[in-house]
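Note that the chains take the letters A, B, C and D in the order they are written out, and that residue 1 is the start of every chain.
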Amino acid sequence: MSLRGFTLPLTATGRSSIVAPPPWHYSGEIIAVDFTVSVQAAAALLPAGLVPVPEGSASVVFADWCSSSDHDDRVLADPAIGQYHEAYVLLHAMRGDRKVGRVPFIWVDSELSLLRGQIQGFPKKLGQIAMTRPTLLGRGGVRKEPGATFAAHATSHGRRVLTVGVQIASTSDRLPRAASLPLIHTRVFPSIDRPAPAVHELQIGTIDGFACGPIHVGPAKLEIGKTEYEELEGLAPRSVGSGYVFSMAFSVLGGTVEPI
Amino acid sequence: MSLRGFTLPLTATGRSSIVAPPPWHYSGEIIAVDFTVSVQAAAALLPAGLVPVPEGSASVVFADWCSSSDHDDRVLADPAIGQYHEAYVLLHAMRGDRKVGRVPFIWVDSELSLLRGQIQGFPKKLGQIAMTRPTLLGRGGVRKEPGATFAAHATSHGRRVLTVGVQIASTSDRLPRAASLPLIHTRVFPSIDRPAPAVHELQIGTIDGFACGPIHVGPAKLEIGKTEYEELEGLAPRSVGSGYVFSMAFSVLGGTVEPI
Amino acid sequence: MSLRGFTLPLTATGRSSIVAPPPWHYSGEIIAVDFTVSVQAAAALLPAGLVPVPEGSASVVFADWCSSSDHDDRVLADPAIGQYHEAYVLLHAMRGDRKVGRVPFIWVDSELSLLRGQIQGFPKKLGQIAMTRPTLLGRGGVRKEPGATFAAHATSHGRRVLTVGVQIASTSDRLPRAASLPLIHTRVFPSIDRPAPAVHELQIGTIDGFACGPIHVGPAKLEIGKTEYEELEGLAPRSVGSGYVFSMAFSVLGGTVEPI
Amino acid sequence: MSLRGFTLPLTATGRSSIVAPPPWHYSGEIIAVDFTVSVQAAAALLPAGLVPVPEGSASVVFADWCSSSDHDDRVLADPAIGQYHEAYVLLHAMRGDRKVGRVPFIWVDSELSLLRGQIQGFPKKLGQIAMTRPTLLGRGGVRKEPGATFAAHATSHGRRVLTVGVQIASTSDRLPRAASLPLIHTRVFPSIDRPAPAVHELQIGTIDGFACGPIHVGPAKLEIGKTEYEELEGLAPRSVGSGYVFSMAFSVLGGTVEPI
């Protein structure tokens, strides 16, 4: 039989595959915090060709995503499939004279997102992620307004890896760097019959339809934890900058790749 | 030592207790579907003193809650504590000449909610619950507008127990019955040294600050599953009515109890 | 209708109740570590009438349980119901001239165990618990034999609360104190209409059929973490004693209660 | 920087990678059930070059694994990493004149296993899996002895996909086919910049150190469920054969690959 599927499992129809090919669409609620790290530590997490910005700028980003897929209507239809949380560290870097972003560590609470990330070169692991979501009525939660605190945290393998809080103070017109840097990923897929990887290449996503809602800004808190399973020690914040709460959307149409 | 706590664990401060005493505040996003059941089957799930409405009216309600507690600021501050999903069946009943609601089965994805529910007489079990949440931007999700479908489902012990879908058609001024019936619960806590329960009484919550946002209405789908662990067979829908998508908020100040 | 059930939910048959009445039977694999704590800190976690032993003796106990219930055959039949992990701290105390045990904090990964615990006065919270299980063949794991290390850890609300390791050195004939002290619990169930609890009493389980397999002993490691949700600070180990790996079984027939 | 890692995430040390390269060692407790399916349906799930055996033989296999890795001592040391459950369907097929096995669907409850499987071509998805484990003492569980029933089930995305039960009747000397067929996998890793996959090849694991404990055999039950996410319909059992409960171990040293 000729089996089909963008990813495993393969079947005659391809409908059992975990991931369908792009385009993929994303609409999310973001909580982000800027911070600075040791430039040396950042350099140790960047691939050849990227150097840290001199200020050691970095961000932690939490996202509560709704996603859809042009080739799989179940992603939009089933909230257990298309909706998920993710949390990541973003290092701000230079590639030649261009400012770019690099994600050394990222956690998600979704199988689809885990695999979809591996395909793009996002180094996703599973985690448990919680984010304050805004409410519209009553006293059970907070609204996106001055004075409100939005919190988020991520746990992986029983260790709290990221904890943030942002107290909204005002609204800004300026897009946070965490939302504006083009991301450079490394796609890796091992061989099983030889040491050299079967796939090892840089990848930059082809993004379309970027949109951003009002950007709420305020003072922030950030803690980066320790775990046996990721090398987070070097990312200890030297200083913590502003925090951001905003809605964001975009589509991934595919990507371009370059040899390492 | 004199140990304190509204619930276990007890400590000198009472701060380790899972639940703090009311008031408790709730702000939620609701997806609800009306349906009808066999009057005889509904009767078999009602306590003495309640009879089904002649039409066999019932509702399935999903809620994405943010909650807070006057006596425990961690509930509002930590999204992993105060935020959770719940899904329940609501039987519409008469108690004398008063229309009331009774919840025979309910699932939640939160330890706090599970215990807080047991205290009120909500028969909460743990489940995995997913609900379409509205998005504000982009193509990753849907908005609360005509044509959009909001889906929700609940799974308990590996069995899908509730699956609903509502396609928004219009906005209504009328509060769904699922949001307006006062609920009659049975508080039960067993003895360990004798057959008779230590606590066995009816409970009606003291509700304050009820608020409801725009009510989006449309045709709905509903499936009620089978499981070894709840008697859902009798709840098979005879007909499925309208579905509702709306925001709702209220506070629970405490409750009044009556002997069985 | 007359509704039945040892716990909620109540139905005509009682078969939807989370917990059936005792007898309950337990067969488990145990990893335990003895340690000592500040006597003052231990005293702050003991109910009136109990005082710490002068040495500040305490234990951490992990259990991988299989359980069954005389009145609910689903508990034995369904491994997702009857099997679960639990982890707890045990303080060694004197009640008059009798040595007893008190469990100030305990975590489980099962709804049934959570509720069954609340009924007995075990202050159970939900957690994620992992324990090395012995293997019989091959190189994927370890056996219960000298040199092998058995590890276990518990996480609650994104914080690692307990981490232990025991390296088996020899076999002992002496039952660890963690398995031999009678436990004194406090049963608590709040009122909803008044401040005083509806149930507040001491409880001692009626145990039958206690059995214990070979007791493997060796040097141990223990870390007790910090969390916003339990007061674990006082339990910091002053010294860490031996660790134990063994099989244990017993039945709970019910319990006796005393006023506080 | 030159970044290292068998899989993502890449770092200077390679220690943050989810998977370390083989050898990988496995020691497990197995519950398996033989059944037969429509030959036509089996053919639709086999890659070119494989044909179903004429009898339509197939098996469902559950495994409670302990695993270790020569290049990552954390896998053996941390039970939350190395221990996991998996459940799969195995189709018995001919490749030329050689009997082989093919796994069209498989679920695991571990991130490590999910990714380690993708590397080998196991089409792993995440699931919730429960298996009766044998006990040594008391009445909380069952032993591997005649009359005892071992049950197992797997749930994926809120749907029960596999449910089995085996009642032990006797011990057999014959290795179940589920444990003896060499497995033919398809390794697939998509491109992001073109339709053709970056990796698409057949893979056969290089197995070493196979060992099997006493094989307990008896009559079995099997249910295969329905889900939106896998094409399980064709796998409806035509007949259900014997069930098996046994310990099994082996090592994966790597694999050999062939073009599709």
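Keep this in mind: a residue touches a chain if its C-beta (ideal position, glycine included) is under 8 Å from a C-beta of that chain, and two chains touch if they have at least 3 such contacts.
Bear in mind the structure is a predicted one, so any value in this text is a computation, not a measurement.
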Discussion item. From the centre of chain C, which other chain's Cα mean sits the farthest off?
Written reply: A
Discussion item. Measuring centre to centre with CA averages, how many angstrom lie between chain A and chain C?
Written reply: 39
Discussion item. For chain A versus chain D, what separation do you get between their C-alpha means, in angstrom?
Written reply: 31
Discussion item. Which positions in chain A are in touch with at least two other chains?
Written reply: 78, 80, 128, 130, 153, 158
Worksheet item: Graph of touching chains, which shape: line, ring, star, complete, other?
Response: complete
Response to the item:
chain C residues touching chain D in their complex are 25-28, 65-68, 76-80, 82-83, 128, 130-133, 135-142, 149, 151-153, 209, 211-213, 247-251
Worksheet entry | Residues of chain B touching chain D in the complex | 128, 130, 153, 155, 158-160
Practice prompt. Going by the contact rule at the top, pick out the chain D residues touching chain A in the complex.
Written response: 1-3, 5-13, 15-16, 18-19, 21-22, 43-48, 74, 78, 80-81, 104-106, 111, 114-115, 118-126, 157-158, 186-193, 195, 198-199, 203, 205, 228-231, 254-257
